[in-house]
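You will see two complexes here that share chain A, one where it goes with chain B and one where it goes with chain C.
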Partner chain A sequence: MARQQLVSRQYMKRSRAGEVWHRLKKNKGAMIGLAIIVMLALVAIFADLLVDYEKDVIGMTLKDRLQHPSKAHIMGTDDLGRDIFARLLYGSRFSLSVGVVAVAIAVVAGVILGAFAGYYSGGIVEDIIMRFTDIFAAVPNMLMAIVIVSALGANTMNLMISVGVTSIPQFVRTTRAAVLTVTGQEYIESARAIGESETKIIFKHILPNCLSPIIVRVTLRVSSAIISASSLSFLGLGVPAPNPEWGSMLSTGRAYLRGYSYMTLFPGLAIMLTVLAFNMVGDGLRDALDPKLKK
Partner chain B sequence: MHRYIIKRILLLIPVIIGVSFMIYFIMDLAPGNIITQLVGEDATEEQIEALKHEYGYDRSVFYRYGKYMLGLLHGDLGNSYITKKPVWDMYITRLPKTLWLALGASVVAILLSIPLGIASAVRSGSLIDNSCMVLALLGLSMPNFWLGLLLIIEFSLNLGWFPSGGYSGFTSVILPAITIGTGHMAVMTRTTRSSMIDVIRQDYLRTARAKGVSENKVITKHAFRNAFIPILTIIGDQLAIGIGGAVLTETVFAWPGVGRLIIDYVHQRDVPVVTGAIIITTLITGIVHLVVDLLYAVVDPRIKGKYSRKGTKRIKVRKEAA
Partner chain C sequence: MENDRILLEVSNLTVNYELEDETVEAVRDVSFYIEKGKTLGLVGETGAGKTTTALSILNLIPDPPGVIRSGKITLGGESILDKTKKEMTRIRGKEVSMIFQDPMTSLNPVFTVGDQIAEALMIHEGLDKSAAFRKAQEMLEIVGIPGERAHEYPHQFSGGMKQRVVIAIALACNPQLLIADEPTTALDVTIQAQVLDLMKELKKRYGMAMLLITHDLGIIAETCDYVAVMYAGQIIERGTLEEIFNTARHPYTEGLFNSLPNIADRKERLKPIPGLMPDPTKLPKGCAFAPRCPYASPSCIEEMPEDIHFGGSHFCRCSAYKDPKFHIEREDINE
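Then we have the complex of A and B:
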């Protein structure tokens, strides 16, 4: 009896976030993914301490060009004699920051629009927002991103904007769907009855209860944003040279496929590892946030 | 049913107008328009003025857009600024090559992922299930164009089995189709699995087994047919994406498809080509989605009733994709 009480009190003490964390901790894949993300983030933050940007990342040493992986250069060197491993380490900055900033843009815009569309459903506000979303989503994502980034000019900031803007429709739709279910609940009605302002109801009462699907979408979207960003850089529409963005490193490697395949292998592996980590956390979060879904 | 189809097609019109407006304005207002692309360093004021007049750049963007839309109403997508050829002709010569890839990729994905997805669902939690799910996760996380590069290194440079790029008959389709298909496969396997798992626990399967229907038939006929709709949705989405042009894969394999058309002319600010190509792509995407929605009724006759009612929205059977 005493023990039972203890257990239930333990459960009661745990907040909702704590509960989710508790479930997430049991998911091995998610934990591995999280560890990889933390590691990559540390590498990105402290990249300047790990490698010398001027010397290792953009400095050319032509006598060392196109060297296969060896003890001195564990991933070999590229066509300008730069150490690929050093460039990959530094490149984590671009992939992570573009992925995170792009999704942040999409979340802010998408959640606000989606919340209004969901809250004022059936009215003209919803119509306008959703028709715009439909039009925007009708163009394939990649094409839209290409048009935007090429119109704005290829640089890191515009890359973030174009990937972010093309992700907005997903967040509008996810948020709207979630808001629609919450708006019908009684506690929203009581908030209205007390006389809370509409904006306060949306941002204080409705949105916090819509977080689960949005959080899941965010993690999964970061991974596709990283792929989109490196794709655009691969096409020459992203981070400009000589910066070591992984996608543009792949595009350099493309010219040296024959005989120097390591130049293509490692940057791709780096992208895949990063995306994989976010996908694993995303999958884990989905299961942890909604135990009903778990099979 | 007919009313439903007509309504859905009519609903595409505002979308097309919106898309054309958006793309035209982004392209037109971007810095460095066609005039700066065309004039040389030593062009005189008069030459520049003449060019501006020719392309309508001496008037506002609304005038140019209005003129473009007037042409569009007559089914004319205009001529390319650069090549002067009709945009429709430029698009249509490339479309078959893109269709090859889109269909090839779908075939690769369907042939592999449906059996794998079913096997994973039937033996949920087994070694087969776990390895399929790990593979699907890897496929989902792998940038497509990187896979394309790896395939070129192995199968065309090292082994010499397939050409490394360009369009030259059937053998040239295989590598790019696998490249695109792998990405599709990852999503499709996961969808098939989760959809099958939902169905497999239903009572009517137990009934079928109790009646003495063989296990194979229970899975392939009774379970799969009921699990098929979310899978059909994914197939349709991916076909639509493929027809839109797999820009990256087409770039990697120097494939003369629709995606390359857009990327080649977007740099040169060729407004009619880019706008026109994206309009047709959007239209095709919309039609593919409509066809998929109609196929739902073929797979599951119960859905047919929904089409005759007032609604024009897409039928909501979409499962959370992966």
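Then we have the complex of A and C:
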């Protein structure tokens, strides 16, 4: 109690978001991760300025095939003579957009369902939502994603949908748990006592108080969505052929793994780096949003 | 007593919390009324059903497991329990406001206090955001907080100030009835006094009625016009402040007064009421207080006592008064 007051006095001048940012800044890992993410995002947005899609990304020059890294091609070239570095840069578009859009789908659906399940806990609404969530979660994620993509057809949009849908159960559960604790708080009862309607109570009073665990879950989930998307592309169920999705680059590289490993090494590193960055930011955010967890 | 003086009337209210394997009889056959502009104090120990009674006036009993089994609640002549959900949200905060026990947790941590006061005004008075916020600042001034602090968050306020904010929210729409559920329990004594003075002053200013729930007889003595004593879900005695404090009739009320420290004789030991409140899932057939009552006769345990009236509004639910010669032995009354 006393400590809480001390802390609040110390941060008197800062808003809540400012406080979180202040704590996040102290976390080196999270800042490195954030820097990587910002860089990746910039690369993805300005990929067209950095490389020429027609010439560098999908244009074949067979005489240059399977070259080792050199000045002209710093990461070498692939089996069709395309510059791996250029393809990686351009590929960040697919990986990041699939990760972000898939998680966005999952967040919207999962948070709304979870909020209702948590608010109407003990009733039939909760039973229906949670049992369906359980059924969804019982099917292995990859299997489910494969089924959805093969049913809808392999393209980028369907890849996003399938990865998004498989992430929904996690968000339902996270949100429900957070809503359950917040619903029991006295300020929610006060909100009822001033005549606030139920939907407004859920979306205006409860959900903003549940943001911390959801934000953390989002950053961590983006990284696994990128992995799922890459895995699906690796299996040939993702972004269609000439496009340089990192997973599908890995997949084509597999045939040359023994003699020419650069084709798998660099896309693999790119995936790893991105996932690591999101995970570090996620961990950092979790600490920053919940000061009680620290030390 | 003319009828149009009565603002709130609760009659034969029975509320149960029905769990799978047991039923908690939280409120049993409770009746009371509050006149316009008057304050009724509801006293009783923890678990006596005070808060449940208050919540049923707003129809906010957590359901499940709470069920209003029977009874009628009328506010200004209209039956509360027959209202639809939508009509109810129009009454909450507008006609009847409630202050909760713990100001630390009854403000939403993610909104500024100004926004939270403005919220009620936007719902009920139809004000737009900026007008509501200006009114919110005025409300803050009224409860003694500088208006510019409306932009701050709850964690930047102390406990006493938070309770002032809570009061500002409750009074924002000029309710006819304010329900205060142990408004000062979480505050220390000096702040308690300030908050009580503030509430008294505001009550006079706006002429609203108040239902004050507390277990502190000192607060009752200072603020209330009428007192109702609750025990195990029943109102066992009711009367004006003077009637209860000077001529308490029920042995439980007597016990409450006897367990207060005696300022005149500081060395004297407290005389607590022996025993504990009965388990609300297994209430005795007869008088719930009988097992702890020094005057209990065998019939008390068997028979449910009836209300015995002593003229005016004073009544008590105790079978012993069937014998007109019966009286409790309260020591310090006539000294």
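What we mean here is this: the second predicted complex is superposed on the first by the 285 of 295 C-alpha atoms of A that agree within 3 Å, B and C clash if a C-alpha of one lies under 4 Å from a C-alpha of the other, contacts with A are read in each partner's own complex, and residues count from 1 in each chain.
One rule holds for everything that comes next: a contact is a pair of C-beta atoms (placed from the backbone, for glycine too) under 8 Å apart; a residue touches a chain by one contact, two chains touch by 3 or more.
Keep in mind it's a predicted model, so treat the numbers as computed, not measured.
Once the two complexes are overlaid through chain A, chain B and chain C fit side by side, free of any clash as defined at the top of the document. Of the two partners, chain B and chain C, it is B that touches more residues of chain A.
By the document's definition of touching, neither partner reaches A:108: not chain B, not chain C. Rounded to the nearest 10, the superposed model shows the Cα centres of chain B and chain C diverging by 90 degrees about the centre of chain A.
Within the superposed three-chain model, A:254 lies in touch with chain B and out of touch with chain C [touch as defined at top].
Once chain A of one complex is fitted onto chain A of the other, the partner contacts of A:35 are absent, as it touches neither chain B nor chain C.
In the superposition on chain A, A:140 contacts chain B only, with no contact to chain C.
In the superposed pair of complexes, A:187 makes contact with chain C only, with no contact to chain B. Taking every C-alpha atom of chain B against every C-alpha atom of chain C, the smallest gap after superposition is 11 Å. Note: no residue of chain A belongs to the chain B contact set and to the chain C contact set alike, using the contact criterion stated above. Partner chain B is touched in their complex by these residues of chain A: 131-132, 134-136, 138-140, 142-143, 146-148, 150-153, 223, 227, 230-231, 234-235, 247, 250, 253-254, 257-258, 261, 264-265, 267-268, 271-272, 275-276, 279-280, 283, 295.
If you check the complex, the residues on chain B that touch chain A are 14-15, 18-19, 22-23, 26-27, 29-31, 124, 137-138, 140-146, 149-150, 152-153, 157, 164, 194, 197, 240-241, 244-245, 247-248, 251-252, 259, 262-263, 266-267, 274, 278, 281-282, 285-286. Listed in rising order, the residues of chain A touching chain C in the complex are 4-5, 8, 12, 15-16, 122-123, 185-187, 189-198, 205, 208-209. Within the complex formed with chain A, the residues of chain C that make contact are 58, 60, 64, 85, 88-94, 97-98, 100-102, 105-111, 119-120, 123-124, 153, 155-156, 158, 166, 169-170.
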